[in-house]
Amino acid sequence: MINKDFNEKCAVVGVFNSKSASQTAYFSLFSMQHRGQEAAGISSSDGKKMHTIKDRGLVTQVFDEVKLATLKGDIAIGHTRYSTAGDDSILDAQPVYARYDLGELAIVHNGNFTNAEPVRKKLIDKGAIFQTHMDTENLIHLIAKSDKTELLDRIMDGVKKVEGAFSLVFSNETQMFAVRDPHGFRPLSLGKISNENGEDGYIVASETCAFDLVGAKFIRDVKAGELLIFEKGKEPKSIQLFEPNPHHCIFEYVYFARPDSTVIGKNVYKLRKEMGRNLAKESPVEADMVVPVPDGGVPSALGYAEESGIPFNMAIMRNHYVGRTFIEPTQKIRDLKVKMKLSPMSEVVGGKRVIVIDDSIVRGTTSRQIVRMLKEAGAKEVHMRISSPPTTHPCYYGVDTPDQEQLIASKSTVSEIAKYIEADSLAYLSNDGLLDSVGRDLNYCQACFTGDFVIEPKE
Amino acid sequence: MINKDFNEKCAVVGVFNSKSASQTAYFSLFSMQHRGQEAAGISSSDGKKMHTIKDRGLVTQVFDEVKLATLKGDIAIGHTRYSTAGDDSILDAQPVYARYDLGELAIVHNGNFTNAEPVRKKLIDKGAIFQTHMDTENLIHLIAKSDKTELLDRIMDGVKKVEGAFSLVFSNETQMFAVRDPHGFRPLSLGKISNENGEDGYIVASETCAFDLVGAKFIRDVKAGELLIFEKGKEPKSIQLFEPNPHHCIFEYVYFARPDSTVIGKNVYKLRKEMGRNLAKESPVEADMVVPVPDGGVPSALGYAEESGIPFNMAIMRNHYVGRTFIEPTQKIRDLKVKMKLSPMSEVVGGKRVIVIDDSIVRGTTSRQIVRMLKEAGAKEVHMRISSPPTTHPCYYGVDTPDQEQLIASKSTVSEIAKYIEADSLAYLSNDGLLDSVGRDLNYCQACFTGDFVIEPKE
Amino acid sequence: MINKDFNEKCAVVGVFNSKSASQTAYFSLFSMQHRGQEAAGISSSDGKKMHTIKDRGLVTQVFDEVKLATLKGDIAIGHTRYSTAGDDSILDAQPVYARYDLGELAIVHNGNFTNAEPVRKKLIDKGAIFQTHMDTENLIHLIAKSDKTELLDRIMDGVKKVEGAFSLVFSNETQMFAVRDPHGFRPLSLGKISNENGEDGYIVASETCAFDLVGAKFIRDVKAGELLIFEKGKEPKSIQLFEPNPHHCIFEYVYFARPDSTVIGKNVYKLRKEMGRNLAKESPVEADMVVPVPDGGVPSALGYAEESGIPFNMAIMRNHYVGRTFIEPTQKIRDLKVKMKLSPMSEVVGGKRVIVIDDSIVRGTTSRQIVRMLKEAGAKEVHMRISSPPTTHPCYYGVDTPDQEQLIASKSTVSEIAKYIEADSLAYLSNDGLLDSVGRDLNYCQACFTGDFVIEPKE
Amino acid sequence: MINKDFNEKCAVVGVFNSKSASQTAYFSLFSMQHRGQEAAGISSSDGKKMHTIKDRGLVTQVFDEVKLATLKGDIAIGHTRYSTAGDDSILDAQPVYARYDLGELAIVHNGNFTNAEPVRKKLIDKGAIFQTHMDTENLIHLIAKSDKTELLDRIMDGVKKVEGAFSLVFSNETQMFAVRDPHGFRPLSLGKISNENGEDGYIVASETCAFDLVGAKFIRDVKAGELLIFEKGKEPKSIQLFEPNPHHCIFEYVYFARPDSTVIGKNVYKLRKEMGRNLAKESPVEADMVVPVPDGGVPSALGYAEESGIPFNMAIMRNHYVGRTFIEPTQKIRDLKVKMKLSPMSEVVGGKRVIVIDDSIVRGTTSRQIVRMLKEAGAKEVHMRISSPPTTHPCYYGVDTPDQEQLIASKSTVSEIAKYIEADSLAYLSNDGLLDSVGRDLNYCQACFTGDFVIEPKE
């Protein structure tokens, strides 16, 4: 009866005490556009009133100078959204905003509540209405229904009732709050910006690449289970809201984060190279060249090439003009959509034994097209190497994955997959190899590879 | 702390048991576009699921064939919205839609709840959150929080808790409901459409002009205080939910409704002519011609001319291409906006004594510009005649009026207004004259002229 | 082999020596939007260089403040275009602009060259290329190929080689010229604008309604066969280029011009009323009311009503929101397009004998739909009266008419037409009656009614 | 008096005898989008009539399925355009289309006529008018004015009168022609497509990457000075129109062409790697890593790294979402535009000696920003290496370069440039090194590096 919620992979940002808060939020969202292209939104607070603009489209499409100028105030929180479906997707953009007994409140959320369904049912049983399809709406209800009198206490109350993955930023008329779930699934970093007044301003963002663009200085990551309170004229105050039990999403390192971001103290690009190195150690193969599937496979292919001593070549070209094309190709020229995006260079791969490196295999259909294109381009052998273990399980913590039965690795052995994608050989990086690459100093969520879910979703 | 709600003047439509429900709703909204140009929306029900599209813009801008095709099902309810303000107006389009414990629900509303503020406060005190600025959101909360198990009972529960003006249409996955408040402030009519199957389909709409366009047959008005229940394979079932105490909005006759609509059994055009006749009887003046301010003043000017025997002339031309112009005129060519819309014909009015007829005066500024343009065009005398009494009070029942202090008639005598608008004379139709025009067989709300509010708004 | 040129009905404007030349041109075009909704364009001259913007769409759609600001300079000429077809219509917007041996040149043209085909053939035989489908392109070739050394002499040369209807405005980097063909088919008026410097500025425009909006003072009409030269610091200089042989388009009075315009010294609204009066004298009929087809038929219906003493009623409502609707109605609700635009009031016409007044009948299909709608609305009798003679011939002088065989009056008698449109009676204003209405002091082109073409088109 | 023409770098395509000619042209243009993002256009021929659509914007923005469907016929020629300026740029999209004495003609052009100015002057002196700012318009005039009776002869006539760089495709109602100038400055390749009928279809395109996408088979390059004639039911006929004197643009290899294209028999990616290798041999430097400026510098950086044995790192991230941003950054966050596009990874370059590889330096400002960003990111040393010789001269053969005085290498020594861009060292590839890289089997135009212009532009 009630629609299944969409899992989202997204970016969040919060800017506090800056004369150009909404502008800074805009540029931050721009730099995190890779985390969500479907919708974007910003809510600002001018001390008395909040202002919200959100719509479908890229950050640069949703906002222009005139619109940003209406988002007045020293506080701004923002969001980019990965994917929506359905008729009324416009309602499913964030920030989620509501008026309630304490005034106004806006929330942005990266992650996914694993108990969204039972919480919503309970709320609905108590008479709550849901006007969007986002699980974030639960939280605003919980805060509104809390019997505490201060927003801070209410946020603590509310956040304790949700489970799963959440990197959240809240704003009311005068304050900002940031929270990270006890497992720290999704990243969230804290930075400092130099306010035009000489005062300190602060920024929290999903990825540090946002800091680089807006000239913010990275301070530290928000800790798993930590709540940060931003109030005018004060340093951010920290409360350890939950006992930390870190399960940092390892897939951020594998695929998700921008290579120039530093996630939990580690540069993504370097880790990816290391994955490639370990992959070369684990699964060597005699070949003439190492070729990445751009852009995701580039760093690990570089690592593989360095380790193996086999020359690296950018022999698959990526066309960045693709966007949304409305021309449906005739049956005659099939597989055109992948071809419009990726084209192998026959002059480079012709007659060669090629190791092609990608970060992951989901359904296997794209991998098969890539192998086929390489063979059509003349490659003598195509050996696919994947810089992560087989993806056998869906993610319940905020990454948009297909159902388990659509994950080819959930039901096929590696050799079956090799056959399906028509590769001469296929190997994945082992779990151990992945951990060696990213470092064993931290604890990770690897559930998409192992099925070890620290929290099970509740129906 | 909580923003003042916007009063709205709008159109609603509901279509039940039609293969082309959303298309019929679309054309109906198109014909009622004069009631609201700011936003439009339709929710359809396909028996299992609801589909909603709403956005800012005219009906023809919000919808196209592709979008209408996604609004599947035999039930569709729709809305056009008059005016919004603020950053987040996109959220303030209707239908208001929510998921709640009984499933899905969509509401469209023409009118205004006079107890919106206390009801919302009470709801907010109980933990409700408000994601829009529309008072209609109250009702969906009340329905969700009712402890009844059937939607029908919940609607009855909810509607009894709101006060003021409401012509409402509700739809869930399989049913449709229409309700009119006990005073019947805003119009709502019932019609029959011939379903493509030979079965009967039904339509409710704010104005009968919608029926004419879609080929529906007018059955009767929904009665003040009546609830209609539409269920598949049944005649609409009527419940007299409230003791009727009719106070039909007399301003629908004066200005609001389309002249070809029949409101509570009376053709609007004819009544407006009658207003003009009575105005001529009450306030004759020696002059050379009667000139309407188009388009609103045309029928009453015709009546005035017929009664007085003074020739009628369309001597003020209206330009319909105006739309939204983005060119701000230089100081040099002031008052351009009114001039772009209305232009008097100097060849016709030059040297003449002109009686200019309009339906009402709000702030007086437009009237003054009209008088000035006529004088610049050479009119020797300009006598303004208004086909309604002085508008002295704002409307609390769904017409968007400025605050009382901005209503020129609230603080100025007729002779002071005449002076302000620079007319040689000014007269309004009396209350008696207005009642004579529209007929004393019904009971009307004339609060905007008299201040006799049958329900006071509650803070 | 070479496509047939499109006949155009359009508006032209030229503004000389004004600090806000392009803005004044913009507002002038806006007020003449009724003469062409398909495309719009302005070329300005800043003394050294010309700037052009043109595109499909309404004036308010093609231009905005930013674009107008790029159209620098004290001279601006502009155009709105009626109708185009074909793939490349964007090229067929005006001004026509070219670089040639004397520098830059832009032309706007209302009218139609009757010798376009042979002139183009001759030009093409000499090696000219044609990049648009507009006959105006001929003229720019003729000017470029003239062996005179001054633009003025070249314009005189060129204009003498074209035949037919032309109200033209030319501009180069520093000068402006206006020309009207010897027959004066299409209107063109001269006005004065007060330059911000206290100097005199000038404006020429197709209709005087443009002057009213921009605050220009009407001086006089450009004379048939006259050439006006505008140069900085001088009064406009007049050259009588052709022996005048006036054949002013009588259809401007019947239908084309805005009722508040003064065309060749005569107010259009007044003449239309007079047509109605004469129509009533010529073709009276016993009836209960006179009803115009809005907006065109309003003034003549007023005249008919005044003369006959039969009451006038605006009993057909016109919906101005129509625009371009993209929803194709199902077969079920046929004739929807006319119904979306016009709706008769059954409450007013029901049981009545109605005289319906329109300005002309082209194919007869719309008239038939109007008669049918009135009958469906309950009219007992429908008598159609047309305020002009039967349109039996196409126009070669700049009005976009269908081919002769599509003109119902070219092949059917009045009684046959009455039968076709299902009217109880039908009468047209006689040629004499039309001449009585507009005044016999001028000489008119009535070829669309008589077939007396003062110039035959040349193939 | 007459505006300077724009030099253009563009792509052309021609498709002959294909049921999906315009669709194939569309996809071809899409794959060559990197050669011009400003405007796009296609003209098709259906055997009797030509159809043209062109507009500003990317290929995917100008066309959709509905528009492509109107471009009927078995022949289609298309164009993407690099850069335009001025008010009326819409007129400056290609194909250039005209009607003339032999019927219809459309032309697309990659290159630049070096005698455009004197030819135009001569044409203008003979009375020609120019409606665009494109030198291609000259050619259509020359063809129209030729006294030959066949288009083929006229094309030969016309093409012999223009000088400079031209890869041209012509189409009339039934034929297609392709011509390459005697120096073969700009590339043009011939391919075969399998017509749906089993007949042979043909394609000519600026780059072979177009063939790969649409499934065409590369046949050979069009030869310098060759004219190809495409007629129904025949093999393409070749005429050696000019004595070939090949001066293939070496800059296509350095920067212009897509790395997966094969230009005059040589794969671009491979040559670029070779340039990097030779650059490493010529200008080694002790460092920790080789870093490309993406995307242009990637292949040569790979070559440099392979040759030098210094590790390669993609340590500058490129953001592909940039598009057109309308938000002007405040003064505070300067240089934001480059930062929005390129971001160096401090974690990778921090404390390192970096060799940064780019393909060329034009003004030096971007290079300076890159060096600065690397240093801000912590690079200890930044050594810039350029995979081509200093760009000292503008191009007259179809590449859009700034004026000579803006080329930093035209007035500064390498050490001065190094200082200006704040690099620790700077070296360019030598002319010899470049020739070694691309192969001395062909003759190249290297005028931008040497000033040896085989044809001087004529004023």
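First chain written, first letter: the chains are A, B, C and D, and each begins at residue 1.
We take it that a contact is a pair of C-beta atoms (placed from the backbone, for glycine too) under 8 Å apart; a residue touches a chain by one contact, two chains touch by 3 or more.
Everything numeric in this text was worked out from a predicted model, so none of it was measured.
Homomeric contact chain B/chain C is classed as same-residue, with over half of its interface positions used by both copies.
Here the spacing of chain A and chain B, counted between their Cα centres, is 47 Å. Centroids built from CA atoms put chain C at 60 Å from chain A. Distance from the chain B centre to the chain C centre is 37 Å, each centre being the mean of its Cα atoms. In chain D, no residue touches two or more other chains. Chain contact topology: the protein chains form a single closed ring, every chain touching exactly two others. Contacts between chains, counted with the stated touch criterion, involve the pairs A-B, A-D, B-C, C-D. Those residues of chain D that touch chain C in the shared complex are 1-3, 51-55, 70-71, 87-88, 90-91, 96-101, 103, 124-125, 127-132, 140-141, 144-146. Listing the residues of chain C that touch chain B in their complex gives 20, 23, 26-27, 30-31, 33-34, 58-60, 63-65, 68, 196, 209, 212-215, 258-260, 262, 267, 269-270, 298-299, 302, 306, 311-315, 317, 319-321, 323-330, 332-333, 336, 339-340, 343-348.
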